[in-house]
Every structure is written in structure tokens, then in C-alpha cells.
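In the two assemblies presented below, subunit A is common to both, partnered first by subunit B and then by subunit C.
What follows is the complex of A and B.
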């Protein structure tokens, strides 16, 4: 009796494991990377290094969290990199006039407002989010240059740059911020009405409208959250550096999209999760960190990252196709 | 190289072809022998159908929905391969390897649904997949446009080869579809319900084209539900019923009554009305509802516990009425009363709030989020009632799901199964469950069994009856399948061209009356 129970338990465990690897192959990839790098570099498998990875990826990570919402919603936000620069510049420059915390809050608000504006334009005009946020990306970057007059700002308040390197209970503050917001956004997606509607709108917009879901506000809120997290990433990044430059955050939107897509979110919307995105972020962090430790020249790192992105998504597709066949539709 | 001949030049000289065909007119060009087509596991769509078609005739093909007309045509166009039987063209037995092969042999199907690329020109669409090219591999625009100009002139089209398809009217787009057929040398052109989306004037243009083709010795196969068109156009009529060949008659020697008799001629089965339920108060009353160009002055009432069937051809305005009641399509005039109170419905959200639910015609595109699981789909429209400060109460959600899973007998391994993986019948039950969860007063089902296999169909029908009789819902069933309408309805409205053209109670309705009511304008008929 008990042996059969055990067997069933074992098979269901196996099934669960299979399911996880099928749904989020990125975690399997991370496992392979960790094993690989641990054997090839003596510095890799170390608690401090792992903390380091979390800090290094916190900027891209925060952006990717917000972007996950927008992409599950069936949209995309390319303006996040520019928002990083704007909020960083505001948060650093305004410290002299208003004090540190008000300056940070103004920086964050700028992200929320611009994000909501993106969403509002997408909703009201019906123009594709790719185009709207492409325009926003260019325009906001221009605003940053207007505001900074091509100058860099330095934080005079040491408390600000201390925050970037501080720790709470032995864990870097920036890592805590990333993990904390990951849990929060995961909660929103998995447990709230807003989250459920986000999936529904991205999965089938017409069915959502017919079901009485208010599609427009749903989209705007997601863009606003995305803008907020991008602005937060700007603040944390500038606190790491103790400074803000107008070129901050260039290409960040592309890295964030890479992380989100690696995590299994579909560009067409309706599918995705924060657990997956977090995996994507960690995967990028580990790859960068590991190859750095192995002293791979940085240009080759880019080549390898590009290849890996396509390979992982290729396997993802193969696995999904096989899954569909297994279910036998 | 030889099959690319048409790329180089098209020889369209009607005078020549008339001379050559005059003598051979009436000769059999296509002979079908014992065509059988099965769709596994258990559907026999065509059962030993034999048929011959003569040169220069318009051969009408009639039968109810599901009689096998479309399948037969798809076999002829090379889309389906017959399981057994032979096709003989011009005296030679041929085998069709796919649609392109059929086209090259001269068998051309004009699709009912338009399949054009909107942002390309007329000429590019006509030659799509088959563009004339010159060395090394570039599109030969000169040949393309001169050929297309010739074809358009032959069809007497009033648009140019270089026009964008997106700028054309629906009728013009149909002409483009027909023009596609003329790229090849057509021997047989098959029209599948070509007039469903055309206006009256556009229809006559189409009929002219058909008559021209006929003069050139091309055989026309014409599928339609509309009796008036069949009688004015065709030379001979073949009747199919339940996948079997019934008879071929000369059009002059028959009339509508005889024809409908032949089309129906089977016992009424699938009736799932055990007993008439007690009817309650009037739940829905529609007064003079109109939507410009779609339907006019629709009046009807629907009682609690009643199933009202709405039957009509494609384009008669059935779906449009449902969409208007549900707030998707704006009404131009008229009033809607729910529980004798006047309501103003301008959006689906209004409709849901007022207790109207619509199970749409196309469940995959409009009804379900295929990537979400069963539970999430069912609770989708009532999430606002299931939260505690914005956080969903999973227990309550699951309780609601379980209720409808057992009530509707949804067969799924678990609530977490993705809806996209369920069978059509179970998907439809999930959509129904989603709307029952909103506690509607009126439930509208548009083509509730489209694309669902026979077994699940009767299950859905029983479910509809149960919901009306035990649940007390007022149900409006829209369908283009006669057995379905007859099987589930307490009362039937027949629609013709956007008007109610007859109302029948369950006792007085016959298939005969119903076919007439949807095929002829009542005002022109003396009953």
C-alpha cells in the first residue's frame, strides 16, 4: 500500500518538476549556468558573489518587473530607459533645492506620470504601443538633455550614495528592493482582480470587453506601474553611482525586454509570470557575472548573450509545441 | 514550363471560344462517381455521391446546412481528398493534389469568405502566389498589369488593376476573387453562397458575370440557399441531403415546393423538448428595434423559461440583432425593455449590468481567453464580486467554478486546465458558465453548436432546455441549423433580409414553412 502511495507521490513530484521545466525552462538554464560557472571559477559559488549579482541586476530587474505587466497586457514600453535617466537626473539635481527624500519622490512621480501618459495615449488613440513608446523614448531622452544641458549631476548628500551601498541585516538594500518589488508585483499579478484582468486583456481583448472589463484603465495602470518601477530603477542606479548623467539607461529597455522574454512572457500578450521574469533577470546577471569572472572579453559577452536569447526561445517553442501535441487538441 | 504559360500572356478572345463551344454545349464535362468523404472519427460528410455537370450550364447545388455541399465543393477544389470515388474531367480520370493542382486543371472555387491582402493592389491579389516573373527573379509588372487589365475588362469591372484592395467595396472584392479564377483557364467555376454579403445591384453584376462565363462554355456550380436566385439562374438543380445524393432535376420542371420537399424529407429527430415548461413573465421586450442597413423594425417578446429560436440565412441580420441587444452594435432606433423597464444599452458593460448575456458566435475569438484556465475564464466577468480589498478570494472563486462545472457537466481534468486544450463542446460550456455566473435574466446564444461534434451538440441542446425549464432563464437561440432551432425552441422567429418574416409556435411549425419564410419575402408572397 504505502509503496504505491510513495510511487504516486514520486511520479507526481516528477510531473511537477517536468511541468516547471516545461513552463519555465529558464530556471533549468540557470541551474546549468550555476553548475558550470561554479566548476570553472573558484570565485563564483560564493554568497557574496550572489549578493553581488542581485545588486548588479537590480536596475534591469526593476524595469523588467514593470515591463512584464505591460507585455502580458499585450503592449510594450520602450521608453523605460529614458525614464530611468529622467528620474535619476531629477532625483539627484533637486536634492540641493528640496532635500533628498522630496527629490526622490519627484523623480518617482515623473515616472508614474509619464507611464500613465503612455498608457493614456495607447488607450485613447488606439496607436500601437510600440510606436507610442518609441516616440516617448526619443522625446523623453530629449527632455533629459534639455533639463541637464548635457551636464552630469553629482549627489552632494552622502546619505544618497550611502543608500546605494548599504545593507540591511547583511543583505544589500538594492537586492532587498528588487526582491521586495518582485514579490509585490507577483502578488498583484497572481492574486488581484487587476492582475487577472491584465492576463485577460492581453489574452483576448474582445472577450474582455464583452465580459465588462474596463480595458482602458487596466492598460493605463499597468503603464503607470511600469513607469514607476523604471523611475525607481533610475533612483537606485544613481544612488549606486552617486551621480546622474543624461545618457543613463541607454539600451536598458532592450535588456529588460530580453529578461522578460527569457522568462517566458509572450510578446503577443496573455502569457507570462513574475517568477519567470525574475528567472530571466537572474540568468542575465549570472551570465554577465560568470563570464566576467572567467575574463571573457566584454564584446564576446554580448555575442554570447545574443546567441543564448535565441537558443532559449527556440527550445521554449519546441517544448511548447510538443506540449500541445501531448494534450492533443 | 508549360504550366507557367498563363504568366506570359492571356488569350481572352470570347468570340473564338464561343464558336468552339457552341457545338459541344450540353456535353458532360465533369463526372463524379461514388464520392465518399469521411471525417474521423465518425462523420460521413459525403456518402457515395455521383453527379455530372455539363458544359455551359449553371448547375445549382442545394441542401440544408450539413447536407455536404461545401464538402463536395472542397473535394472538387482539391482542398479535401475523397476517401473513395473518381473524378472524371473531359473524359479523363483525374487526381487532385491540392488546391493549386485543381486550379491548373481548370476547377476553380470562389470562396465564400474573402481571402485578399488588403494593402496590396488588385493585380497583385489576383496573381497572389503566382506572380509573373522575369529574369533573374523579379516581378514582371508589365505582363502582370496587362493581363489583369484584360481580365478586369472581361468582367466589366469598374476599378483598376492598380487600385488597393482596401479601397474596394465588398462586391468589388468578390469580383477580384472571381478574377483570380480567370487567371487560369477555367472549365468549371464553383460559387459558394456568392450573394450572402452583396446588395441587390451588386448581385445583378455578379449574375451578368455568371451568364458571360456560361456563354463562353464554362460550367458553373452554384451553391445557394436562396430559392429566387436558384430559379432565375440555374439550368439544373441537384439536391443533397445528409451527405447523400438525392436527385437532379431540370429547373423548368420543378418548383419551390417540390424542391423543399426533397431537401427536407427526413423524420424530425433531435427534439429534446420533453415537456413545455411553465412560462413566466415577459423578461425581454423589443420594440421597433432597427440598425440602419442591417435590420429594421424588429419586434418580439421573450418570457422567462422560454426558448425563442431565431432562424435565418447568413446576412439576414441574426447576429447583428444579438450584437445590438448586447451593446456591441449601436441601434439607430427602437426600445428594449427588460422586466418591463426601458433600458438604454450602449456597451457590453451596460448589457451585463442589466442582465443580458451573449454567448458569441465565435467562442475562440470573442468568448474565451484560450491561454487562461477554466476557473479564470468562468469567473472573468464577476471578479468584482469575489474580492476582498482588491485581492481575489480563491476559495469563493473555486466554489463558483465547481458549481458550474457540475451544473453544466464540463469535462476537464481540473480547474487549472487551459481552456484552449478542451474540446469544442466543453469550451462552449465554459462560455455558458461564464455568463450564467453573472446571473443574467436573458441569455442569448449565437450559433451555440458551431464547430461542435454531433454528440456534444445534443448535450448542449439538452442543456439549453434544462436552463430554460429548471433555471427559468429567458433564452434566445440564434442558429442557421434547422434541426437545432426546431429541436430546442418553444417559438421560432424567421428572419429574411433584416426583417421578421414569420413567427411560429412549436405546434404549428413545419420545416417546409420555415424554409419558405427564410427564403422568400413574405410581403411578396400571398400566403
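What follows is the complex of A and C.
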């Protein structure tokens, strides 16, 4: 026992160095991408383009932020894409009756409620989150269709779509929303009791229960935050278009999971960070944007994204195996 | 469903080890084990009470025929899930295979098209299997990446266009999707036949037992001399083969294909597998129950349509059925309805 502790101490400096380099290889990847694209496209290295990338990724980014909390918690949420559609449809359709801000708030509340419902089911029934949210993904999409009756909505109030294309102090509002919430969620995760409990529950649920952490509420709150951020993503996405369709947000859950995993969050729970997730989101954004500028057909982008996801997973595994050997486990 | 749950609650509250309770407990055990079968029967009875057409032979055959594509794929995915992994790539693999077989049919002829399609599916299955079995990467992420990659490859192959077979009248390729044997559509034969073969392989062969042990306890499986890598690899080959069979039925039935025809199938398939009581952790499950799970989803869809509900109402019912079914399954092994923390 004590010998392992000594070993850990001895290698801690080395480990720290390796940690910085290897735990979030995504930032290295982003750096390489930026350099590569800058040389191959004259339009890439441009402040406006970077703003553009942030706006383009704001939808997936907001979802990925919430998903990070849920995945660190050892769960997964597949229903975020459907929540995006529901909140977008509510926020756009109800504007005619209640005005813009109440409609947006109702959209956000729907996300919080459905997220909390997912969390409550996961907590109380003990059914795996994958199954619960898979069911919810199908069911909430059903709710969207029941509500919309297969119709698309557009916002009569142009203030709504103006909000989507507005900027504050030269920075697009949607980019500010993404960065602001990234900082907020990072703060929650890194500096609050709730954040520490989130890691603990994901690392070892039984131990957390034994330690007296209120595991259930922790799970519910994280699902609620995830639902809220997905709903917010729905609102921002519909404000970009000034419209909402019931099919909005299909496959978004897969993109968001990709971003979170690229950012180094483990599916088994207990490991991950918002900085990493933000990196994953930016990486996807830069890749899509850069390949667009290079006029790569969008079909190839799908293949490249898939290959990159698997490659990152592979390298991540190799690095982890090496780290584990050095710690002496 | 509700009735049995209250029963479960009562039983837990008054659990006394006396003779009278033993009978109730045995009954409860049957409910717990065969819960999904009972739900199935309740749904069938319920729908046939409200709609006369529901239980007619024509309708039942039509439903099973529709279910056969998802069902065949679900059989393959069941084996992967029993082995303790997931396969999300089946949806885009279905698109890829269907496009391939339909497109090559006119270029090379039906036989060559089918052979090449199966080879392509097995190659992709082998890639999945190598990454997950031998490199031991997380199956969810790998197959998620493959989902995206295969969809991309399909789009590149077709150039974004849909494909179809020009001369649909004189080719034997229609056999798999459109023909009848003994008055029963061929897809049903393929579906049920593959289901029975899968069940026999899982229950009676040593290979089947190895899949269960790899999924149930990988460490123990390795220590008892089972080549875990090989088994996991083979489950993905089977899943890809099953998906190719699904593509065969789909392509032959439609005689044409959109390039994203299988989009979203992976999760519908998984819903059927889960509904059949196969545990996502691995190590338990059965092909017959997967068939029942898939059929439940199809009969719910069909029944609600016959009762003239809009098609999307089935999704709401599916939501409730999936969670209740799995909850009931877990509650019966746990002995109480809610978790203790």
C-alpha cells in the first residue's frame, strides 16, 4: 500500500507533465488544424471567420456542455436532440400568444422539466440512463409532433431573428452565450460542491452513496441542467433561422457525444472537464469550417469526422495505458 | 402492467415465508420472467377488442412482414449486446448495403450484387470487430464513428442521388422481398428462420455459451480459456451479416433506395432488443424474446394506426413501454420497485 503511494509521489511530476500534454490532446489537434487550414485557405485565419465558427458551433456546443455533466456523472442523455426540437417549436409558436420572452422561457422550462424527468426516472427506477433517454428520445420527438401536428412555425416577430444575428461589442450574441455558459458550467463543475459530487458519483456510485452524498438529486440536477442547455440550444438555433420545424435536432445527440468524447470525457464517468469539451466542440467547428472553405464535399466530412473520432479514442487509450503503467497499477 | 406492479408492491410489503405466499410468489416469478410476453398478449387482446381488422390474418402477416427488416437486424444486434457491446452502425450499414445491392444489380447482375453486398458488410463488420475486439476500444464510440463514416461513404458512392432498379419485372431478385412461399411472404421466413437459428446457436452450441460468458464476466471468460477477442470480433461479423440480410429484404422489396434509408434504424433496433429483455450490460438475452420485442413495437404501431391515431402517437406509447418494461424487469430481480438511495 505505502509503496504504491511512494511510487505515485515519485512519478507525480512526470505525470503532471504528461497530463497537460496528453489528457487533452484535442487542443494540440486544434492547433495543428488551425495551422494547416491557415496555410491552405486564405479565408480561414480571419477574425470574422473565427466568430463565424463560434456561432456555427453554438448549438452543438451548448448541448455538449450539459452532456458533459451527465456523462461525468456516469450517465448519458440521448434525448437532447428531441428537446432541441421541442423547445424551438414552443419558443417560436407561442410568441404569437404570449410575446417573445415568455415564449422563450416556456421553451427553456420544457427542457428543464423533461431533463429532470429523465433524471428522476434514472434515479428512482434504476434503469440504465441509456435506455431511459433512448425511450425519451423517441417519446419526446412524439411530443413535438403531437404539439406541432407536423407543421413548421416561423416567428412573426423579427426581434427574435434579429437576436440571433445581433452582436454585442462586435462579438455575436450566440458566441457570447456559448462562451458565457461554458464559463458558468466550468465554474459549477470545478468549484462547487455539486461539481465535486458529480465527479464522485460518476467515479464510484456505491462509494458516493456510502459517503452520504445525495446521489439521486445530484443526478436529477445534472439531467435538468442538460435539458436546460439543450432547450437553450433549441432557442438559439431557431433564432438563427427565425423558424422551427418538428424534425429539428435529429442526430444532434450523436454530434454532441462526439464533441464530449473528443474532449476527453470518459463514458464510464468520473473523468472529464468543460475545457476539454469546449476543445472538442471547437475542433468539430474548425474541421467543418475549414473543410467547407477548402470546398471538400460535405460527404467526405462525415467520413473524416468518424475516422477522427475513432483515432482520438485509440490514442487516448494508448496514452492511458502508458500512464497506468507508470503509476504502477 | 399496473396490476402486476401493485401486486409486486403488495408482495414485497407482506413478504412472509408461509405456504400461501409460495404460490403467489411462483405466480409473480412467472410474471417477472415472462413479463414482456404478458404485455404482448395484453396489447394483442386490447387492440383486437377495439379494431376488428387488427387480428385478421392479412393484418398480422403484413405487420410481421414490415417488422422483418428491423427484426433481422435486431437478431444480430442481440448477439452483440449479449457479448457486452453495442452496435450503432447498423443503421448506416443498412443504407450502405441497400444502396450497393440495388445499384450493382443493374450493373453486374443480381447474383454478383448480392455477393458483393455481403462481402462489403462483412468487411465493415470486421473493422468494427477488430477495433472493439482486438484494440478493445469502447464500442459505443467506435460504432458511432462508423455510423458517421459509413453514411459518408454511402453518400460519396451515390453522389447524393437515389438509386433504383430499372427493369423490375424479369429478375429473381424480387424473391427476397416480394414473393410468397405457401402463402406466406418470404421476409417472414427469413426473419423467423434466422431467429430460430440464432436461438439454437445461443442455447445449444458452445459458441453460444461463450458469447454469454464473455458478456457476463469477461475476466472469468478469459481465465477459463475463452478467446474473448475472437468472440467479440465474431459477434460484429454476425451483426453485419444480419444487417446485410435486412438490406437484402429492403432492397428487394422496394427495388430502389434512398441513400439515407437506414437513418435512425440503429436506435429502433436497439429499442426492440431492449424491450426483449436483453440486458445492455451483457451476459443475458434471447433471440426469441428479441423477436417478441420487435413485434410488440410493430403491433403497437399498427394497432394505433388502425385505431386512427396519427402515426407519431406510437412514439409516445413506445417511450412508456420501453421504460416500464425494463423497470419491471429490474424491479423483479431487485425485489422492490424503487432504488434504495
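One rule holds for everything that comes next: the second predicted complex is superposed on the first by the 311 of 329 C-alpha atoms of A that agree within 3 Å, B and C clash if a C-alpha of one lies under 4 Å from a C-alpha of the other, contacts with A are read in each partner's own complex, and residues count from 1 in each chain.
The definition used in the following text is that a contact is a pair of C-beta atoms (placed from the backbone, for glycine too) under 8 Å apart; a residue touches a chain by one contact, two chains touch by 3 or more.
This structure is a prediction, so every number in the text was calculated from the model and none was measured.
Between subunit B and subunit C, it is C that contacts the larger number of residues in subunit A. Touch criterion met: A:131 reaches subunit C, while subunit B stays clear of it. Of the two partner chains placed by the overlay, subunit B and subunit C both lie in contact with A:209. Of the two partner chains, neither subunit B nor subunit C is touched by A:152. In the superposition on chain A, contact of A:240 is made with neither subunit B nor subunit C.
Using the contact criterion defined above for the overlaid structures, shared-chain residue A:292 touches neither subunit B nor subunit C, since it reaches no partner. Contact with subunit B, but none with subunit C, is seen for A:192 once the two complexes are overlaid on the shared chain. Of the two partner chains placed by the overlay, neither subunit B nor subunit C lies in contact with A:38. Of the two partner chains placed by the overlay, only subunit C lies in contact with A:267; subunit B stays clear of it. Of the two partner chains placed by the overlay, only subunit C lies in contact with A:313; subunit B stays clear of it. Comparing which residues of subunit A touch subunit B with which touch subunit C, the overlap comprises 209.
Listing the residues of subunit B that touch subunit A in their complex gives 326, 328, 348-349, 352-353, 358, 360, 365-372, 376, 380-381, 383-384, 386-387, 390-392, 394, 420-421, 434.
For subunit A in complex with subunit C, the touching residues are 78, 121, 123-128, 130-132, 134-143, 145-146, 149-150, 209, 215-216, 250-251, 254, 257-258, 261, 267, 297, 299-310, 313-314, 317. Listing the residues of subunit A that touch subunit B in their complex gives 191-194, 196-197, 199-200, 203-204, 206-214, 270-271, 324, 327, 329.
Residues 131, 135-138, 140-142, 144-153, 155-156, 160, 263-264, 267, 270-271, 274, 280-281, 310, 312-316, 318-320, 322-323, 326-327, 330-331, 334, 338-339, 341 of subunit C touch subunit A in their complex.
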